[in-house]
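Each of the next two complexes has chain A plus one more chain, namely chain B in the first and chain C in the second.
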Partner chain A sequence: MSAVIDSHHDDHHHGPAKGFSRWLYTTNHKDIGSMYLWFSLVMLFIGGAMAMVIRAELFEPGSQIVSPEFYNQMVTNHGLIMVFGVIMPAFVGFANWMIPMQIGAPDMALPRLNNLSFWILPVAFGILLSTFFMEGGAPNFGWTFYAPLSTEYAPPTVTFFIFSVHIMGASSIMGSINIITTILNMRAPGMTLMKMPLFVWSWFITAYLLIAVMPVLAGAVTMMLMDIHAGTSFFKAGGGGDPVLFQHIFWFFGHPEVYIMILPAFGIVSHIIETFSRKPIFGYSSMVYAIASIALLSFVVWAHHMFTVGMPIAGELFFMYSTMLIAIPTGVKVFNWLSTMFKGSLTFETPMLFAIAFVALFTIGGLSGIMLAIAPADFQYHDTYFVVAHFHYVLVPGALFSLLAAAYYWIPKWTGKMYDETLGKVHFWMSFISVNLTFFPMHFVGLAGMPRRIPDYAMQFADWNMMVSVGAFLFGISQLLFLFIVLKCIYNGKEATTEVWEGAKDRGFEWTVDSPAPYHTFSSPPSMESLKSSS
Partner chain B sequence: MSSDSSYYVPASSRMPIFMAFGLLLFVLGASFTMNNWGEEDSNAHWLLITSFAVIWGTMFFWFGSVIKENDSGMYSGQLNQSFVWGMAWFIFSEVMFFFAFFLALGYVRLFAVPWLGGEGEKAITNILWPGFEAAWPLLVTPDNEQFPGAHHSMSIPAVSKLHTWLPFWNTLCLITSSGTIALAEAGLRKGNRTAFKLWMVATLTLGYVFVFLQGLEYYEAYTHMGLTLGAGIYGTTFFLLTGFHGFHVCLGAIILTIMTIRGFGGAFSDHDHFGLAAGSWYWHFVDVVWILLVLVVYIF
Partner chain C sequence: MFRAIKYSLSLVAALTANVSFGAWDDLNMSPGATQLSQEIFGLHMTVFYVCLAIGIAVLLAMAFILFKYRKKEGVKPADFDDSTALELTWTILFALILIVLAVPATSVMIKAYDDQEGDINILITGHQWKWQYEYIEDEVGFFSNLSTSLDKRNNLAPKDENYLLEVDEPLVIPTNTRVRFLITANDVIHSWWVPDFAIKQDAIPGFVNTGWTYVNEPGVFRGQCTELCGQYHGYMPIVVKAVSPQEYSTFIKDKKEAKIQQALLTEKLWSTSELMEIGEAIYQKNCVACHQVGGRGIPPVFPSLVGSEIVMRNKARHIEILMEGVQGAAMASYAEQLSEVEIAAVITYTRQAWGNAETGDGKIVIPKEILDYKTNKL
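Our next item is the complex of A and B:
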């Protein structure tokens, strides 16, 4: 506890600067974490608005509101923004805020680099969004930007897209180097690797994945750039290259990428479930090994995205079985969460509601993933709404719900104020109902053969699609309520205690510092004893 | 709070936002330059040149402030360890960038080209170009009009002609330079600054000779061998792999040049020379990439 008091004496020359320059020049992990989180929230509403356009167009069969070309731009940018502009920066924001506090570090290891990692993100997305106003329109080749759609047949703005992907990648790599260095070098004395909080563990492995695969994505877009502007033939069969090569490189990046978007969620949900079950997490070390196994397996499963593209039968079998193996460590995690809740003293505050919904709905997404992993069956499911349903179940009630849960869980620590519990519960139930209304019927239309990424569909899909659209609009409105709850909490919330949650006591260093956490948390590292002695 | 035991956290810094601004100019400049290539009234390249000035200028002042902070004793051993980890993981990210290009080469050689030639259980792709014969180095491409292949490849010649083969001298240069920079570091650690300076100059000379020979090789390829970026997948993989490697050699040479200039100016001590050490790790990294590259691009 003494660490908290210690930090006050250097506040006079280390407090936050005044005015807007505070945000431009800051090196403080909390400021940068907040900027990441606000940025991703803004991007959530931009990407969400694009989803609303998509669902308005699909409300009824036939051409409704937008042209097919613009529809393609909406689909592409919705995906790009949600993946690179919402889920990933939001997790980095949580990492910035929580990792130094959870491991007892004064700040991130490389504070100036940290600021740079954030500020190039608005650069990248500003450029990406500006392509909407350029000749030829925004990128329209899907978020997976397969060649030759993204090379020979792409609008001229693809050049801006390529460089903005480079910048996003640079941001992720620098952010990850910072996180991994912080975790390796800045832990409080006595915090061995196997005593680290699970959120820290999950980010440690995520950062490793990011450093391993973001450069591969950079390589892929560089090859695109060369094919477009320098006459090379990476993806041109006429020169001896192969468009399928693009898919291999993309998914070598892309499959670890989907775990990048879910592993930190595993860490968050573990913390929330143990807090509101008032029990330590069941099977801590198996949780760590499960995350590590998922991460390693993610490097050898990529071609399950490409079963229908043409592969030797040995390849299809290898990627089918390796993909199914992932169900084992994931199952370990799900059963550990259930076992943590088993016989616990459960209460159902908003973070816990979102966390439990995460476990249930993410599992649905996981099970449809196993269906998709079956190569022969995938020939039926491939490029249908079944796939859309699958990855939205892991990304929306999966990753996004974990982010919302984490925001409710830690916002009292950040602001020193409690959010409105009633409104939080309303937000949860609205989100929970509408998310299922949106994505569950997609399984049905997908199995019946409705293709993805097409602005029109056959008459027999009309009823389900109308239901999906209604659900999507409701989900969009629910997230406006979230914005309101956050603002109400900041400006008008009740005071929060140091512990915040009854079950949070001694669950980590972050619950030993004041609420709101002081601008500089630990100027000298806290002792692991401070957690044990007070319990 | 600048004692040895505490971790130095800079209060605030203008450098990152300048760098972000430089990158914004770079992306706009590079994209407009490429998209407007050949248009005479385009001014986009000025944007690109400005961005380089901003980026290099920011780096100068950023590294300058880090050096000043270190010299005034603000950095603890723990902070130096952060730099070590940071550099190590940065090099790992570079390794993975090259991995993508090696992956492309491997896929093309093992699958794409043989399939185009009719190999494999599902190889219907040879229907597209019926007369095409798979070979590596691929000198005759499937669509030889759009992608006229090269007359000669860069592959290793008979042993008796090895001395006329530029990559042989290149390999010699780079491997030797990895040794000389290790000697330079060893000299510095022992406090022998003359040896340090001498071996640094030797390393730089070898590095610049490599860059020159690589340039010469490209010149030969374009003027005498018909081997260009547009010469199909062999030229594509050849130029992109050696080109990105050469680019990294240039970066490494710039880093080491700066370190040498600083060394001549009296910087670095026998126990505190992280800038030099990081530059030397980077140099070893480009050396290792080159060895792999010689094996899969030139020899096998």
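Our next item is the complex of A and C:
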């Protein structure tokens, strides 16, 4: 063991094993966190490549490069990969790296479970992607896989898809159990629940959402499996089943799922805005209550995805009102972020730029969300590009920007090296401009009447679609720059200080350990007194 | 931020200067052709302006803060982190704005949900990938297919104004009449959307949803299927033609006569070449989507008809498949979509074409056999 030289800190700990077995057998939260993050970056490029195929096909009216059938496979797998393979695992990666360090714990509570919940993910996506090479092709029924298109009329590979979704769900549930256990049992002495960093709070609530709804998704796909192979008729109208039941079950999972993809972003952005405003977060407790109320409301709004299925008017009105209510806690969060920056001392490093863009563009996505909540108006918006614009505004400049912000914010702590600030800013501006170029015109074509999930479109949508495609290609290229920046940081970055960001030392335990963070941190718990501005 | 968005948009607009960006119509919802659609449009604009105002206020406040409080030498940041009064104020403000929006939304919703019987009731059935319209009172009906040619879709011919929004036979409705639509589906979920009527109702197998309209002026209104329904989801448009009540009754009269003519044709004596000619046209219109131009399909989902046992030697089963569809597969029943002549013709065509006649029994099917099948079933 003498080969491991780490003399100035915790010398009774051994370093990581060498080679591939380090990663296969690791129970270290930092290793597992890194694997989650690399995995989601790889999936980002796979899902992104599918988006490029979609935009190439839609560059001009007329059939361009793929068949309508393959186009549907692209649309379906782009959605599935971005939701389950990019945004969710990336947030779990940040949770793995940062939650133990933010609460002063030595590791996650259940490290072997942690290893398992990561390693089954590549298996799940290996299964999903392998369907591209099978007879009948990959799933082609949209990421929402509405029955009976996904049951009686699905390609035979749907069974692989179901298996893959089950594994993803198992991974998420295990990860959530681990996160909740860690947060409840392993906080540093003196860190009461209402003193926890907001990222920890946001994940604490998200983990409960996951545990609540992942079994519902598992139930939905199991019923599909039974309908396909066991002769049941859960969703088969011909056998007395109910296709609308599928949508109710799916969206009872699906709407909390939407918030699973944005709540941790709220936590991340709160930390970044606080640090670069050099001012404590405004309204810490209302931030916590806002996240909690968004999470609770997410269970009673699901049918706003189904305003056109022919619900009774009482249902339409209930889901319209409950959905509108979500605007209140969301608005509180936006105003609290603005108030945090108000009278601060702002600097605009790359993480801050992404966080500011998050607030601005998430607001646009939130406002189009209010429009969509208005049920009679939704008769015109539903399943058009207006919806595509809305959810991409909250997921790309929303969730994805928060992930990029978080990566820039914490990478110096992980690697001990600074990223290239100039390139980071170039990456930000390229992403910012192209993301708006891509998704803003979608509002226009949606209102003008372009349905979503179509491989070809009428002439009146041509101009805007071309602009959207140009924006999308630029956005795709911009993310290759991100990969370059990360690699350059790891191999060729300047040394980072312990504090990394001015004044950060007072804002969280993670900024009190060396950069790079040692393989094992907080073998003995830190003291809350060491944080000056603990809220 | 907002300026940046606007600049980036106008920059690209300038770069693509030769492309003419249309007027307001291409940016916004259409007010439509009915009172309901205009009310929904008005509601949309109200909500839009409220959201726009909030958006501009937030982004301007943000721009101001970002500029004013950027880090300066010697200026210390404030350290306040709470203000219950302020937080309560804006929470109440948000709630008030939402109430202001909820009131008109509720009243429009109640108007849209008027499901009294119509003067005319039309049953709309979604099929992969065409719409079926049946006039319930008059007992006539037809299928409406995309009429844009494959050449246009494959960029071999120039596209025109109604590219992908044109059909072989539009739905005809009378003006100044309350028309009620009963919407359902035969296979997967579709969604019947005509923006100018502000009707978007999912067509769901096993369910009958309703929508209604009352059109004042004659006109042609176009829409599309808005629920992913398989590979040709983008190719099942809707065209509704509103005509005067007089014109409408002529249309219905013609339809009824055509129905009688069709029945007479079944009794006629047909030659193989006559059947082949009709059959080929039917095949091109209804079958190529799945079974492909050469009849080889896309196995395993869409089986090949070339050298198939059923097509070559099992005439009875061949008729049965066309009439009943195949359970658990994409093959639908054509008993209602096609006339007896058309079904007999397309069966004959597939049994004769692509060398099937040489390798198989080459039997033809005459319209009478299809009629007999129907009669025996009763």
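Just so it is clear, the second predicted complex is superposed on the first by the 516 of 535 C-alpha atoms of A that agree within 3 Å, B and C clash if a C-alpha of one lies under 4 Å from a C-alpha of the other, contacts with A are read in each partner's own complex, and residues count from 1 in each chain.
We adopt the following convention: a residue touches a chain if its C-beta (ideal position, glycine included) is under 8 Å from a C-beta of that chain, and two chains touch if they have at least 3 such contacts.
Because the structure is a prediction, the values reported are computed rather than measured.
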| item | value |
| --- | --- |
| First, second, both or neither for A:Thr363, with chain B first and chain C second | second |
| Touched partner set for A:Gly238, first chain B, second chain C, both or neither | both |
| First (chain B), second (chain C), both or neither touched by A:Phe252 | first |
| Partner chain(s) touched by A:Leu193 [first = chain B, second = chain C, both, neither] | neither |
| Chain B versus chain C as contact partner of A:Leu113, first or second or both or neither | first |
| Which superposed partner A:Met467 touches (first chain B, second chain C, both, neither) | second |
| Chain B or chain C, by number of chain A residues touched | C |
| First (chain B), second (chain C), both or neither touched by A:Leu483 | neither |
| Contacts of A:Ile65 with chain B and chain C, given as first, second, both or neither | neither |
| Partner chain in contact with A:Gly310 - chain B first, chain C second, else both or neither | both |
| Intersection of the chain A residues that touch chain B with those that touch chain C | 156, 237-238, 241-242, 244, 310, 313 |
| In the complex with chain B, residue positions of chain A that touch it | 10, 13-14, 17, 21-22, 24-28, 105-107, 109-113, 115-116, 119-120, 123-124, 126-127, 156, 159-160, 162-164, 166-167, 170, 173, 176-178, 180-182, 184-186, 211-216, 218-220, 223, 225-226, 229-234, 236-242, 244-245, 248-249, 252, 310, 312-313, 520, 523-524 |
| Contact footprint of chain A on chain C as seen in their complex | 1-2, 4-5, 8-9, 12, 16, 19-22, 25-30, 40, 43-44, 47-48, 51-52, 54-55, 58-59, 61-62, 65-66, 69-72, 75-83, 86-87, 90-91, 94-95, 98, 101-102, 105-106, 108-110, 112-113, 128, 152-155, 159-165, 187-189, 191, 193, 195, 198-202, 204-207, 209-210, 223-235, 298-301, 328, 330 |
| Chain C contact footprint on chain A (complex, rising order) | 61-63, 67-69, 72, 75, 135-136, 140-142, 146, 148-149, 152-153, 155-156, 237-238, 241-244, 277-286, 308-310, 313, 316-317, 320-321, 324-325, 327-328, 331-332, 334-336, 338-339, 341-348, 356-357, 359-361, 363-364, 367-368, 370-371, 374-377, 379-380, 382-384, 432-433, 436-437, 440-441, 444, 447-449, 451-460, 463-464, 466-467, 470-471, 533, 535 |
| Touch list for chain B against partner chain A, complex | 1, 6-7, 9-17, 19-20, 23-24, 26-28, 30-31, 34-35, 37, 62, 78-79, 81-82, 85-86, 89-90, 92-97, 99-101, 103-104, 107-108, 111-113, 115-116, 120-122, 125, 128-129, 138, 141-143, 146-147, 228-236, 239-240 |
